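This report concerns only the one structure given below.
Here the chain labels run A, B, C and D in written order, and each chain numbers its own residues starting at 1.
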């Protein structure tokens, strides 16, 4: 008897999707069971990596250049834990969110998306990554259109097409690398890749495809309508996880493969685009009329911070400071995952109760839905970056490092983004609290409110205060 | 012999590119799809010449055949809708 | 070698033609044809690179990648067309959105 | 929609990108070796099948193919989630009907051949599945509102069969101690045929159902008429 947790992290959601598709009448129960099983697998896998270091598994017994394998190191496990916890919360929430007809469509697609996410975080092969990207893109677009409104279908069709454009561009880059080096395994490629036109062009192709999928400014145009019009649990997954997966891939390829190819100017371009995203996204979030649109633009902005880290990473010489910076980026991505998922879940509750999500007409939401409003507030703490959230710690490290390196303009951008974030969060809370308190119960619908609250709570308190394990985790593979 | 093969290659390539351009430039959905199917079939032929018979089969059956059939059905619906649209007074047919 | 250059070059050309058409032509069916031509370009390049002359067997790995790519492309095309059909049904006009 | 400056700029940018691409690919082809080609071709005899592409697809890189079958399933589930299908085609004329009666069995027969041949000659699960799907499309073109597909329960089962068998084989092999999708010596051929048969059925059914569009409903005909 042998248990390969890496394979099971992908196989369980796949099998779950199969079972749920075949027996749609039991979709919710079986879907939740698969969700729990998948999360447990990922957590046990992560615990193993945290204790004993990175693990790799080669499928088919062929080994690296010929076969494909999966690998879990600190970076992938950090994303895996975040994604699976968020996905579990989304699953619990979705269990009572969808109607009986929508449920039979939601669960199989959702589990397929989950297996794509786990497969992506654990992949080691450039072409295998292309397949997971397509699986992710197709399932995400189909899920986003589940709300069935014309706006949702049109926005997610555009998302699907843009995603295809991105993956084709990525694939062209893979073809180029294969034609030069004759292999697809990231680890083996990293040993032989040398700076030059071929590597540079391949990187440009692959990164531009991924930027499209990560909605990096100014390629973010597809994101706000697609995320704002999807059903709330799907919006949460799209904003917290799916765009994050594209960012993870950029970071992974950057660190593991293209490190010798890169120079400061590429990083500065990324940082500049990130800065554009922070300012433009925050500004649009401030002006948004609907709660979910605000959250979607806030995602554009928050993705920007992650890309601002690249010029800082390049400027910092290897050592403790760079390790800290890297951990800060991962912490930022994780915190945003929890916070944005919690925010969207709570916003979905507000929308369902009030019948709309226009911010100016939210008056009294705090009284009718105290738990949801509290969740939005907590998530807001993390989105702004107030202490003790993980965002605060991460931004602090980024700002400190930028000052040390004399790159003060990035500090200005981060501060400006923080101020704008504070403005758009308080705008929401201001509208939610503008009526006399009437005694209502704090929790009205436990199955939907508790997941939102928990996610928001983790983002605001837990991640910032117990960030130390993350440093230990990232020592496994990426930093070491 | 090799010159003849090269001539054949050149001819295939030029035809392939011309068909692709024609499919892309055609405004009328149905014609565009039919040109695309022709392009896919020729691509299958080229791949057979490049010693990829498995891919030639797959491209002919899936790339040109099924994709083509799917798009053709969509184009047929689009044309029908357009005709219906144009016959109704007061609505504009789309001119893109 | 010259065969590889000829076909590989035409693959790149197809990729660019597809990209251009995808950007400038709004109707859904034209975007899908564009994406498929783009994909055909990538696949064609891979097939050309796998070719190792009339006597040696071709590299099977790119061939397997292309086969996977073809199936993924038809899946995406089918899904996108279903999206378009849904929009038509709601609106009663053709799929010329965005 | 496209502004005038973009109409000029986009082609210029794309031509520049094209020039870089051609240059990079030429460099890559000149400097590049064919290491993986040699390794792959050398180890084909160990894979249980003699068609190198089938070896790569179902043995060396079987995990890729598993996810690819999952992509196909995703597309079908997405299509189903978008609601009822477009109106079916008119019933075919007697002449066309007669032709369909000939073509469909022929397509199904060649599906079987293609599947069997894939081990040693050009062909395999995907080509075979495509032919099976084409049989369904032909029936649909002839006016068969169900494209020859079974009712909802069986349709759902057939559409997931490929992913189910593929993943189950992988997990069972893992549990037995061989490793995920690691075929034990001597069994590779039969396991590959088993997986390919399931995948062919799924691919065929999925492609036909995708062509038909719309949710699977036993009362499909009454729904699409409204």
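In this section, a contact is a pair of C-beta atoms (placed from the backbone, for glycine too) under 8 Å apart; a residue touches a chain by one contact, two chains touch by 3 or more.
From a predicted model like this one, the values you see are computed outputs, not experimental measurements.
Peer 1: Using the touch rule from the top, work out which pair, C-D or B-D, shares more C-beta pairs.
Peer 2: Between the two chain pairs, C-D has more contacting C-beta pairs.
Peer 1: How many Å are there between the centre of subunit C and the centre of subunit D, using C-alpha atoms for each centre?
Peer 2: Chain centres of subunit C and subunit D, defined by C-alpha means, are spaced 16 Å apart.
Peer 1: Taking each chain's centre as the mean of its CA atoms, how far is subunit B from subunit D in angstrom?
Peer 2: Inter-chain centre distance comes to 20 Å.
Peer 1: Report the inter-chain centroid distance for subunit A and subunit C in whole angstrom, where each centroid is the mean of the CA atoms.
Peer 2: 28
Peer 1: Measuring centre to centre with CA averages, how many angstrom lie between subunit B and subunit C?
Peer 2: Each chain's C-alpha centroid was found; their separation is 11 Å.
Peer 1: Scan subunit B for residues touching two or more other chains and write them down.
Peer 2: 54-55, 58, 62, 66, 70, 73, 77, 96
Peer 1: Specify, in ascending order, the residues of subunit D that touch 2 or more different other chains.
Peer 2: Expected reply: 1, 21, 25, 29, 34, 36-37, 40, 53, 60-61, 64, 68, 71, 74-75, 78, 82-83, 86, 124, 126, 207, 210-211.
Peer 1: Which subunit A residues touch at least two other chains?
Peer 2: As it turns out, subunit A has residues touching two or more other chains at 127, 131, 134, 138, 141-142, 145, 153, 172, 178-179, 184.
Peer 1: Throw together a list of every chain pair that touches.
Peer 2: Pairs satisfying the touch definition: A-C, A-D, B-C, B-D, C-D.
Peer 1: So in the complex, which bits of subunit A are touching subunit C?
Peer 2: Touching subunit C from subunit A are residues 127, 130-131, 134, 137-138, 141-142, 145, 150, 153-154, 156-158, 160-161, 164-165, 168, 171-172, 175, 178-179, 184.
Peer 1: Enumerate the contact residues on subunit D facing subunit B in the complex.
Peer 2: 1, 51, 53, 86, 114, 122-124, 126-127, 130-131, 133-134, 137, 207, 210-211
Peer 1: Quick check: in the complex, which residue numbers of subunit C touch subunit D?
Peer 2: 1, 4-5, 8-9, 12-13, 15-16, 19-20, 23-24, 26, 45, 49-50, 52, 57-61, 63-64, 67-68, 70-72, 74-76, 78-79, 82-83, 85-86, 89
Peer 1: Under the touch definition given earlier, write down the residues of subunit A that touch subunit D in their complex.
Peer 2: 1-4, 6-8, 11, 14-15, 17-18, 21-22, 24, 57-62, 65-68, 105, 108-109, 112, 115-116, 119, 125, 127-128, 131-132, 134-135, 138-139, 141-142, 145-146, 148, 153, 172, 176, 178-184, 196-198, 201-202
Peer 1: Which bits of subunit B are touching subunit D when the two form their complex?
Peer 2: Against subunit D, the touching part of subunit B is residues 53-58, 61-62, 65-66, 69-70, 73, 77, 96.
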